[in-house]
Each structure stands twice: as structure tokens, then as C-alpha cells.
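Structure first, then comments.
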Amino acid sequence: MSVIEVKDLTKVFRIPKKDPGLGGAIKGLFRPQFENKTAVDGISFNLDAGEIVGYIGVNGAGKSTTIKMLTGVLMPTSGNISVLGRDPHRQRVDNARDIGVVFGQRSQLWWDLALIESLNLIARIYDVHPVKYRLMLNQFTETLELDELLKIPVRNMSLGQKMRSELAAALIHEPKIVYLDEPTIGLDLLVKERIRDFIKKECISKGMTVMLTTHDLGDIEELCQRVIIIDDGRIIYDGPIDTIKKRFGKYREITFDTVENVNGLVLPEGAERLEAPDYKVQIRFDRTLSTASKIASTVMNQVEVSDFSLSEPDLGDIVKQIYNGALDREPR
Amino acid sequence: MIRNAKRDLSVYAAFFAMIPKLFMAYQLWFWIGLVLSVISMAILVFFWRAVYADTASISGLALDKTLQYILLAFIFSPLAGNDLVWEFGSNLREGMMIHHLLRPINFQGMNYAQNLGRLVTELMLQIPVVIVAVVLFGLRFPTDIATWLGFIVSALLGLTVMFFFYWFLACLTFYTTEVWGLGVLIQGMSFFLSGTLVPIIMMPAWLQTIVLSVPFAQAVGVPVSLLTGIIPLSEAPRVWLTQILWIIGMWILSTLFFKVAVRKITVQGG
Amino acid sequence: MTRYLNLYWLFLIQRLKVLMEYRASFILGAASTIVWQGSSIAAVWVVMQKVPDLNGWNYDEVLLIYGLITLSKSINHMFADNLWTLGRMYIRSGGFERFLVRPIDPLFHLLADRFCQDGVGNFLVGAALVVKSTIALGIDWTPPKLAMLVVGVLSGGFIFIALNLITCVSAFWIVDSVPVTRLVFDNHLFAQYPLTIYPRAINILLTWLIPYGFASFYPASYLLDRQIGNIAWFGPFVAAILLFIGYRLWQTGLKYYSGTGS
């Protein structure tokens, strides 16, 4: 049963166009011109109850615009959204009751209030029954280790403490759908793990539907069964995470700083050369087919290398590849 | 030669074209600020006209003299204020302190120069207000050079008094976080005590004594009184001397307090 | 409705708790508004030592007008101060979106989120002035006059709030709405004194366009038995109309905001 149904959703922004120079400024005053920017271009997807979906894309791809429309904050230009059978924009208040939102950078807690006071206030805003509230509070205090935090105002909390508090605040009214926007941004690995554990335990056990937007592939790998990739307003992938992992998870990249430019390098199997600026050689290789040291020695036998570094492919690269049809090709 | 002329012309044209651009680049605040000043001046003018409705002279001042005083005091009111309390109380303080302790330049001197620059800019921004005052409310300026010189000297002395006074106050911010409220409180008092709202001469003797025993009047009320002739030019030297005494007094107080406050920071930490 | 009242109470309690923590700031804030008002009143006092009346209004009558508008202003200052901050603190930072994601009215949330303690200073000054002047003037408190006092102050307060609401809506379009609000708000300074000292144009402005006159001049005229006519009772209707306009504009602004994004 789909709890979120999105069909042909489109959002076009009218951005005022400013011509340079004096003439442009005057023109802008009297006959303002606009250009259309399509942030979301006819996307469609359905989420079933209890799914945990990763919604990823590079900055500016349309992620936050989509989330804003799903939460009822932004009005679509065209298309349909149905969240638990409601139009989130037209039935904003009713929809709000059933959703919880974490905006990674912006806290919903009151800056000067002790955490417990913030939670009390939020519970009242969402009309959480006092008995239920007590239950949830005890539960979260345990699972999120909030004991020491309850009496502290947000302004005195570290980033990790803030995020734990944020999650408690977002889920205290047991929403059916949870939108998590960059929940682990800026956190160190240990805290990230705790947050991920919590999300897994809380949301999965309660059958909450979770939509997670993030740049952190670790989040995706640990939490999501399904991934939707949006690029330039369009969905370029919507499917199980295993495919992504299989196709890209095995790759590593080495970047060499070379003394001279070289065309036509001979590379071992499983390695391919990517586009790179001058005096740099970038190689992507399949870990199952080759090793870093093999690549490195092969390259260094052919060209003088001054420095090199090893990294995982980033999200932008994966998106680019998918866009270029990497998923359509036979997996190597 | 024609080419040169053409090039000159295009440069002039570019400069000229900048004017409307500047016009439109000016923030909303500037124009609205002007309207707000007009509202304030209008209230002042109508208020005093009503006051003088049945009287020709109050404390020896006729209506037009009082209006001249009030409007000029309004225009020159920036002289009575500065940002020291904000600056000392803000996050900039640590950076400032490091400058003070490490650099050979006189910290107070540097701030004074900055303050002066800021004041000049603020007064320049009052020019549109002046134009409105002249056109709408019939403000007339004295034409006598000597009067202007007397005023300028007094204004410089007066703002120096305020500089040291605020420096003294700003040191309080080392001991408390209540910077904003403190600043607003002082501003509120300064409003009356600077002689901006009411000419000092009109106040009863006991109130005049109080007002003249705090420094605010030295920055606006006194110089503007000179400018309008309420204090005759012959008295100027006496006025300046009083202001210089104020400067000395405030300078001593501010330097002492500052030393103490800095010691607190370097010993205890900000 | 009761739900909203309970919620407001909760917001208020929380805010007061925080303010009590910063007790010095609380007192300083209230004190600074008292000092500001004190300056203006001191000026009036000095002047009225020298002349018996201002356009036919004696010292205490002028104080009554000043006190009434200060009381009205304080209502706005205490309960609707957050309207000023809509653009700078909520729209610019994206914090306003949080209001839209919660199941309560965003305007309510904005207003309830901040009770401003500085307004208490204005309230105290206004009340003191009204008490002092009415005692000195020996006003006979008949039921209509008592009603006028309450009605005048309350509708004045709502006129302040409505005008601020109308102007702060501009934040949805231009983000920094403060200059626009100041443009209208500062006109209340005219109404601190009897409207009769101003030319006709300003009277019309302050009665029919930016009707701060109903917060001070008209109620005072009634209380002082000056033949002002029925206009004295227009205040609540004026307030209601302005509030209606304000709320419709707010809804329009919200629609625009959710159409164009932040």
C-alpha cells in the first residue's frame, strides 16, 4: 500500500533575469523579465509503508525542492502528490500531524530552552497524549541517551547532541512518515553510527516510512533498501541499493600528479582512465579485478609520478556515470 | 584630437550613467530613513509651533530661533553617539584586545580616528535631511563664518568628550553581557540630556545644573547653541574651555577604567 | 480555540522562564523603554512649565494622550513584537519553513514564539501616565467612560498589531520588512500629542489612513468631554477592518511564499 504517491511532479521557478549595465537596470525596473528554472521535472515514484528510501543527488539536483513539496511547504507547478491520501499543500495541517521532519542544518528546538521544555512544547503542539508522551520520552531517553541532555538548552549542545535531540523531537509524536534531510552532516563517525542505529531501530520497528536525503553514502548503505537518484530535476535511478553497491561500491580511484602529460597509458584489466586536468592522471579500477599497488606500479613504469592519492568515487561521479548510461551497460 | 575628445566624452558619460545606477542601488532603508526623519522633524515643528501659539517668547527665545535650534540639534544629533559600547561588547572585542596589547599604535587614538571617520560619514548622510528641513520647514543657516568656526570647534570638542565618555562606559561591557540593553538605556537618556528635545535654556535652573553635569549636552546642545547664537559668540572661549575640562576629566576616567578592565581580561581571561 | 489558548499559555510560560533566567536583561530591557519614554515626557514637562497649554490642551491632558497611546503600543510591543522579525529571523534563515511543517497556524506560531519583555516598560509608563493624569484631571468615571478607556486601549493595541501585520507581510516578497514597517509605525509618534496641533492633512492621515488617532486622541477627547462626536467609538471597527485586511494579506503572502520557495 503506497503511503506516498508522486506523479509527474514538476516545479518551475520564475527567476528574475537581470541584464547587466544601466539599460538592463532600468529595464528591470519597468519591465521585469523572468526566466524559468525547472527544479523538478515530471518525477514519479511511490513509497510503500515501512520503506526506507535514500533520495540522493548532487547539490541543486532538486532534492530539497522535492522534499519541500512533499512536506507541503512548497506548492507544485504541476503534477500530483498524495501523502497518506492527502494533498500535503492543501491539507497542510492534517498532513503535518503525520509527518516528522529533520532539517539537518536547522534545528526545530528552541535555542534557550532546556531540551525537556522543547519536547514538552512540541508534544503539546502535536497533541501527543500525556501518557503516550511519557512513554516515548522514556524510550528515547534510553535509546538516544538523553539523560544528561534533558536539562541542557540547545545552545550549549555539541553537534552530535543536537542531532540526537533533533531526532527525538521529530519522532516524539510517532509520525507515520519521516523526512530526514542530511541528518548526519558534520558528525564524526562514532556519532553517525549511533544515529544510524537509532533510525534503524526506531523507524523500522515502528513501520515508519523514511525518506532520507543525504550526501553520505555510508548513510545510504546502512539504512536504505532502495535508492532514488535525482539529477537536474529528473529521476535517473529508482531501485534497490544492491545494484548501486554492486556496480559502484567496488570501485576505487587513484589520482596521480605527473611531471609530464601522457596519452595512451596501458592499463591492467579492470582499470579505466578518467578525464582529468593537465599533469594529472585519474584511474578508476575495480577492486575485484585489480589492486591499487598493481595500478600504481603500472602507471609509474610509464610516466614519472610526483604524488598520488587514493579515494572512493564520490556521489557526483556516480551520478555522472549513471547519467552517461553506466547502469545500462553490462556489468563488468 | 577628435579621438581624445570622444574618449573623454565616453568617460564622462560612464560617470554620469553611474548616478542613476547609484540612485537605484540605494537601499530601501536610505529612502525610508529619510521619510522617518521627515516624520520626526514634522512632529518637532508642529509641536513647537503649538507651544508658541499664544506666546511670543519663551526663556528669551522666539519661535523661529527655537525651531532653528531644534532642527539643527536634530541634524547634528549623531555627534552625541557612537558605537563603542557595541564594539566593546561584541565578539570583535577579543580581536581588538589583541591589537591593543601587541601593536605599538595608540589603541585609543586609532579608535578615535575611526570614530571621527564614522561621524563624518553619518553627517554626510544627513544632507538630504538638511535639504528637506530647509525646503519644507524653513530652516535657515547662519551665514557668519565666525559663528561657523565657533560651532565647528565646539562640535569637535564635544564629540571628543562623548568619545571618552563612551569609552568609559564601554569598559562596563567587560564585566557584563548586557551590552544591548545598556546601549539602548544610555541612548534613551542621551535623547533628553543632550539638549536635543528641549533647549537647555528653557529648563528650570535645577534641571539645567543636572543636564550640564553630565557630558551629553556638550556634544549637541552646547555647539548648536553657539551655532544659533543662543550662546553668543563672545562666550565661545568660555564654552570651549569648559569642554576641554570635560575632555580632560573623561579622558582620565576612561583611561583608568580601561587599564583596570584590560587587567581583568589578561588576568582572568575574557 | 481553547487549544490555541492553552498552547499560547504554554509558549508564554516557557518564554517567561527563559526571561527570568536572564533577569538582568529583563530588567534592563524594561528599564530602557521606560527611559526612552521618560526623555520625551521630561521634554513635555519642561515645555509646559513655560506655557499653560498646548493648543488648548493642558499638561495633564497631554499626558493622558501620551499615556493612552503608550498603553496601546505596549500591547503590540509585548505580544506581537515577533512580527518585526519575520523577515530577518525567520524567512531569511529558513526557520519559517518549520512553522509550515507543524500542525498549527503559522501566524499564531510567529506571535506566540516571542513575548517581548521590553513592552512591559511601555505598559508601566502608559499605565502610570493614565493614572496620574486622570487623577489630576478629576475624571468622573461613568460606565461609558470606563468602557471608552478599555475599548480605546484595546482597539488601539489591535490597530498597532494590524498595521504591523500589514507591513510585515512584505517580508514574503522583500525579506527585510523592517523599513516598511517603520515607515508606517513611526507615524504613531504624531499621535503621542493632540492631533489638533497638526495641519488637516496629518489629521486625516492619522484618522483614516494610518489610524493611530484612535489609540489616543479620540478616546482622550471623549474622556475629557470635548465634543468629538461618535467618532470616538469607531476604534474597534477600525481595528477589526485593519485586522481583516492584515490577515488576508498574510494569507496572500503565505501563498506567494509557498509558490516561489525561499
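Order of writing sets the labels: A, B and C. Residues in every chain begin at 1.
Note that in this section contacts are C-beta pairs under 8 Å (C-beta built on N, C-alpha and C of every residue); 3 or more make two chains touch, one makes a residue touch a chain.
Just so it is clear, the structure is predicted and the values come from calculations on it, not from any experiment.
> Quick one: name the chains whose C-beta contact count is the highest of any pair.
Result: the chain pair B-C has the most contacts.
> Using the mean of all protein Cα atoms as the middle point, what chain has its own Cα mean nearest that point?
C
> Using mean CA coordinates as chain centres, what's the gap between subunit A and subunit C in Å?
Result: the chain centres lie 45 Å from each other.
> Would you mind pulling out the distance in Å between where the CA atoms of subunit A average out and where those of subunit B do?
Centre separation, subunit A to subunit B: 53 Å.
> Between subunit B and subunit C, tell me the centre distance in angstrom, where each centre is the average of that chain's C-alpha atoms.
30
> Please give the residue numbers of subunit A that touch subunit C in the complex, ascending.
Interface residues on the subunit A side: 11, 13-14, 65, 68, 71-75, 89, 92-94, 96-97, 99, 101, 103, 106, 108, 110, 112-113, 117, 120-121, 124-127.
> Subunit C touches which residues of subunit B in the complex?
On the subunit B side, the touching residues are 28-29, 32-33, 35-36, 39-40, 42-43, 46-47, 49-55, 58-59, 176, 178, 181-182, 184-185, 187-189, 191-193, 197-198, 202-204, 207.
> Could you please specify the touching residues of subunit C with respect to subunit A in the complex?
3, 6-7, 10-11, 14, 17-18, 21, 93-95, 97-98, 100-105, 255, 258-261
> Sort out for me which residues of subunit C touch subunit B in the complex.
24-25, 28-29, 31-33, 35-36, 38-40, 42-43, 46-47, 49-51, 54-55, 174, 176, 179-180, 182-183, 186-187, 189-190, 192-194, 197-199, 202
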